[in-house]
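Order as written gives the chain letters A, B, C and D; numbering starts at 1 within each chain.
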Amino acid sequence: MSSQQRIDIQEPAGAEPLYGAGVWHFATYVDRYATDGYGEPRTILDAIELAGAVGDLSVLDLNWPFPPGGISTAQVKSALAEHGLRAMAITPEFYTGRFAKGGFTNPDPSTRREAIDLVASAAEVGRELGVDYVKLWPGQDGYDYPFQADHSDLWDKSVGAVRELAQAFPDLKFAIEYKPREPRNRMVFSSMARTLLAVQDMGVDNVGVLLDFGHSLYGGETPAEAARMAIARDKLFAIDVNDNFRGWDDDMVVGSVHLLETFEFFFALHDAGWQGVWQLDQFPFREDPVEAARAGVRTMRAFHHALELLDRDELAAAQSDQDALRAQRIAKRALFRALAESESE
Amino acid sequence: MSSQQRIDIQEPAGAEPLYGAGVWHFATYVDRYATDGYGEPRTILDAIELAGAVGDLSVLDLNWPFPPGGISTAQVKSALAEHGLRAMAITPEFYTGRFAKGGFTNPDPSTRREAIDLVASAAEVGRELGVDYVKLWPGQDGYDYPFQADHSDLWDKSVGAVRELAQAFPDLKFAIEYKPREPRNRMVFSSMARTLLAVQDMGVDNVGVLLDFGHSLYGGETPAEAARMAIARDKLFAIDVNDNFRGWDDDMVVGSVHLLETFEFFFALHDAGWQGVWQLDQFPFREDPVEAARAGVRTMRAFHHALELLDRDELAAAQSDQDALRAQRIAKRALFRALAESESE
Amino acid sequence: MSSQQRIDIQEPAGAEPLYGAGVWHFATYVDRYATDGYGEPRTILDAIELAGAVGDLSVLDLNWPFPPGGISTAQVKSALAEHGLRAMAITPEFYTGRFAKGGFTNPDPSTRREAIDLVASAAEVGRELGVDYVKLWPGQDGYDYPFQADHSDLWDKSVGAVRELAQAFPDLKFAIEYKPREPRNRMVFSSMARTLLAVQDMGVDNVGVLLDFGHSLYGGETPAEAARMAIARDKLFAIDVNDNFRGWDDDMVVGSVHLLETFEFFFALHDAGWQGVWQLDQFPFREDPVEAARAGVRTMRAFHHALELLDRDELAAAQSDQDALRAQRIAKRALFRALAESESE
Amino acid sequence: MSSQQRIDIQEPAGAEPLYGAGVWHFATYVDRYATDGYGEPRTILDAIELAGAVGDLSVLDLNWPFPPGGISTAQVKSALAEHGLRAMAITPEFYTGRFAKGGFTNPDPSTRREAIDLVASAAEVGRELGVDYVKLWPGQDGYDYPFQADHSDLWDKSVGAVRELAQAFPDLKFAIEYKPREPRNRMVFSSMARTLLAVQDMGVDNVGVLLDFGHSLYGGETPAEAARMAIARDKLFAIDVNDNFRGWDDDMVVGSVHLLETFEFFFALHDAGWQGVWQLDQFPFREDPVEAARAGVRTMRAFHHALELLDRDELAAAQSDQDALRAQRIAKRALFRALAESESE
């Protein structure tokens, strides 16, 4: 990602980052038990309105086709404008029922083609909306059982599909969101390093990675370490944050469990000079979505403030000694002060 | 559980166990991504028909209200009779959207009452169907975040609700299916031992435990060990089997990953003199449900055959020395011979 | 545990709790790779001296036989006195090489007897030292492979050994420290609930549980919930705190990863009226042990202060609604303020 | 890895693979509890003798300096010859106590240099022994706490050290064994994909990867998939096999838990045309090491036989449909027949 490509979302030195969210944060959900849903269905227009009510969000990542279908790009544009929001990304839904055995890797060539075409259509809508990137989350691309899959074939089909899309839309960027599992028991793009290898294999310049903090965490990575690896290769196109109990993609509110590791993640982004949107990917199944978003942004703001308070020289010295106690203390001093101020408001 | 209560499902010595399944094995599913479903919806009558097509199943556990609603007990009875099946259990669905914050533990007393009443209605239907037990799976009873819940309160409400139901239906048995998590991030009845303690606290005789192999496995238990603990307290009312990758309730086909531990589980049941139905709880999201059930039963039959081949004296001797290599070899000799015969058919 | 039995370690209302540590916190360690050790060996007398240097510790839990052997009880008493420390517990080491296949469950009756005798000898030393309890950590009591063990036999032997000891020393208390695994792949006393069931089976009054926060956490429990379950049965004899990454017993410094859940744990203790020592079980493999202990105590003091700041009525109201966002905010407000003050010192 | 480099360990078409083991399989162990060891210490000469007694092993991977020190290369050569064994690899022990804070990444430049020099000395001994590769397992290279490490610095130091060694010994191959954790809580070379990226960064031809089945499994990878990824890049220099419960590096006997996934792993190797030694990395803490090795080799032989029985066309067809049930059945038919024959001997 060249700095030029990023310019529209760039922050002035010291300024607060932009905050964003996946618009699904403001949807309602179903799961395999509550098939009737955790709340009444909401259209994307309802969700945009709720996002606007948060008051701290500047940009959104939008599912496409716009839920529940039958909603035009013009309607979405208008809703965004009304609520002071911008479309940062578009997320084509090629992980619904008809793609149960895969989107890019579907065994049926015509279903695979359908998945690619759906992404292409989303890309065109994204272009019209002026998004920064098309997000690719191939949730159904993977396998469930030992011996079920020809892993090389899944890899080649995945790499080939993204390459084809990237070449068809050279003016757009594509960000692959990796995830260890769910809904498939195992996914093809399962870790940062695997995804970086896949991007290499694609041989194109406009594909990068979206690092979802929670995916990284429950996949056994240290998110800060994964971020640095991607930034060093100029491939960190976007991030999402949330939290979980380290065993599943719980999509909890930022900072509800792993305060230090989330702060370490933002420190890594900042320290490496990454300048992008700080974006929520929370699923408030049973919580008020506006309040959940406010809680997430409040904590992110505190992280931003803590980064200003952080004594980087002291931290660098402690890290160069691998002095865990000292490094933690330096980080905690900044973090707790910022969090205390944030929560006492 | 007195031996008398069990008498109708008792097998003659040496005879094969009865095989059963949760009727949802033959449904289609949704999840939070494929909200349109993995296949066309099926009514419980459709599902019963598919269960009948398996050819190896004798009994079913039935969701209630009968999906998708509007289906009478008479219709279900008739469908069961037509397909040579019997209702072994009924599973009241007090884990749908309206119970998002809990059934037995819902903060709203009227919703809690609704959950209890729903189970009571199911119990009456179960009585009419002649089930062996009412299954209680309080899937929404738990919590999601640190500090969200008063754990003592959740415990008391859970214990109280089940006690009340057990006292209201003294002629019926209630089997609690524990599970570590999902859909809540943490569930109240999360392990065998916790559930046994809860049953004690209830102070009634007609409540026991349903051990789901997969729940036990991904909860960090050794299912064979958990089974023995419940049998020793005369509280193992039922079992379900399936498989997973040890991190989530994948509900895969029996024996697709953990052959030895599943066989050890059935050995424990047999060795402790437990005589109940060997029942499937698989979720074939992307597989043919009839074939998935046949695969599960085929493997269970092989386990049954392997139990006949097993040299128990040798095994007991190896175990009394904690000789892992010898014990595994004895178990494997019986298991692999039975599996080889089963799979070569 | 009667309140009388606890009286010597009781705190006045509002007073700070006593802080303690396992003396092994100040030892050096080996593992299967660094067989030459992470630092020069230290005797228990060296370790007591280091514990004294922390300045915040009042009591210790002591391994016995006193490492590395050949050290008398008088020497230990004298060292404790010199450094202003008291022996709160004694931990018999019946988990060394000769007990590789089990202490209380060793297949060889004479080795099993040796384990019991070793604990009995430790109990006598403990009585001489005036400890509050003898800690039982049967680290080698378990199994490693599917089919290796007769689980009922392991249970009976474990229960029988502890009962025998409890009956032989009716004036002493015994606290079982459960742990999911390590060094055995699976341990008999693996969870709070299993251990409570075992204590019931023992049928004696002077056996309870030691809850190690880290064991509980990586065993999939919510430590606060486990604590309440034990306190409700009057069986929480002691606690240990540390931290980990939720997959193994990393024995990291308190609060280095899971701040909120550790605070929730202390809140549960306090809220339930538990009054015992707040005790460290950290293994600073590569850190300065005195500094690591100070960091742990500093964080525990902040938790204590946060408990004073906590608005309990508000929290109770939020919890009775299961309002996760509000409950977390209330807890965080108190916690972050206390931590900010603590770390700015 | 060019085919020429591999020629001395190449098998004729259809012939059985060579079987090998890490010589530490025949050592005794300590851990942080059984500091006195699981059995009497053995020298590498003792261990070689035991390896010879297995009867099925052709090659060994040897720790260096030869344990417990003071043993010459000539003595080792002679012991190998006497027992009909060949040194396939040498494993420099730069993960002992003095490298507690890292070998290649030690904060102290002189200790880092010492680690590199130790590997260089091992490489010279390896050359003298005619090994196929020098194994690099940087067990202490990583970190333990959030904020402890500068991840970019650890990466650069790791990559730089291996590059330097590879350039210093252009006639030798170096195989990096990745592992998610232990002894450090997090390791630098933690997954297949990360290690492949590191090998790229090194920019040398004689560095590849050793895939340890158990490390891959408990790291959340599908070992078969990881193997194909490395083979496709011509970087799979060696493999180790063992088994575990998916949460830790238990180093159990091959096939004691995950039969299907281990067979899938060997199928992937075979299918991709990989021709290398099938090598054990088991730690029989409490088992007879010769019997444990025989059990491991017996199972590997059965896998080899099962590969001959496997209907590859049928399997390919099932996989191209992602038909999990059919693919599993085809694999199981071959596997169970081979295992049944193997275990009935």
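Everything that follows uses one rule, which is that a residue touches a chain if its C-beta (ideal position, glycine included) is under 8 Å from a C-beta of that chain, and two chains touch if they have at least 3 such contacts.
Here is each chain with its UniProt name: A, B, C, D = Xylose isomerase.
Predicted model, so just to flag it, every value in this text is computed and none were measured.
Between the interfaces A-B and A-D, more contacting C-beta pairs are found at A-D. Summarising the inter-chain layout, the chain whose CA centre lies farthest from the centre of chain C is A.
Per-chain Cα centroids separate chain A from chain D by 35 Å.
Distance between chain centres (mean CA atoms), chain A to chain C: 40 Å.
For chain A, residues touching at least two other chains, in rising order: 101, 144-146, 245, 247, 253, 256-257, 260-261, 286, 322, 324, 328. Considering their complex, residues 29-39, 95-101, 139-140, 144-146, 181-183, 185, 245, 247-248, 250, 252-253, 256-257, 283, 285-286 of chain A touch chain B. Residues 245-247, 253, 256-261, 286-288, 291-292, 295, 322, 324-325, 328-329, 332-333, 336-337, 339-340, 342-344 of chain A are the ones that touch chain C when the two sit in their complex. The touching residues of chain D, counted against chain A in their complex, run 101-102, 107, 143-153, 155, 180, 186, 190-191, 193-194, 196-197, 219-220, 222, 224-225, 228-229, 232, 260-261, 264, 267-268, 272, 315-316, 319-324, 327-328, 330-331.
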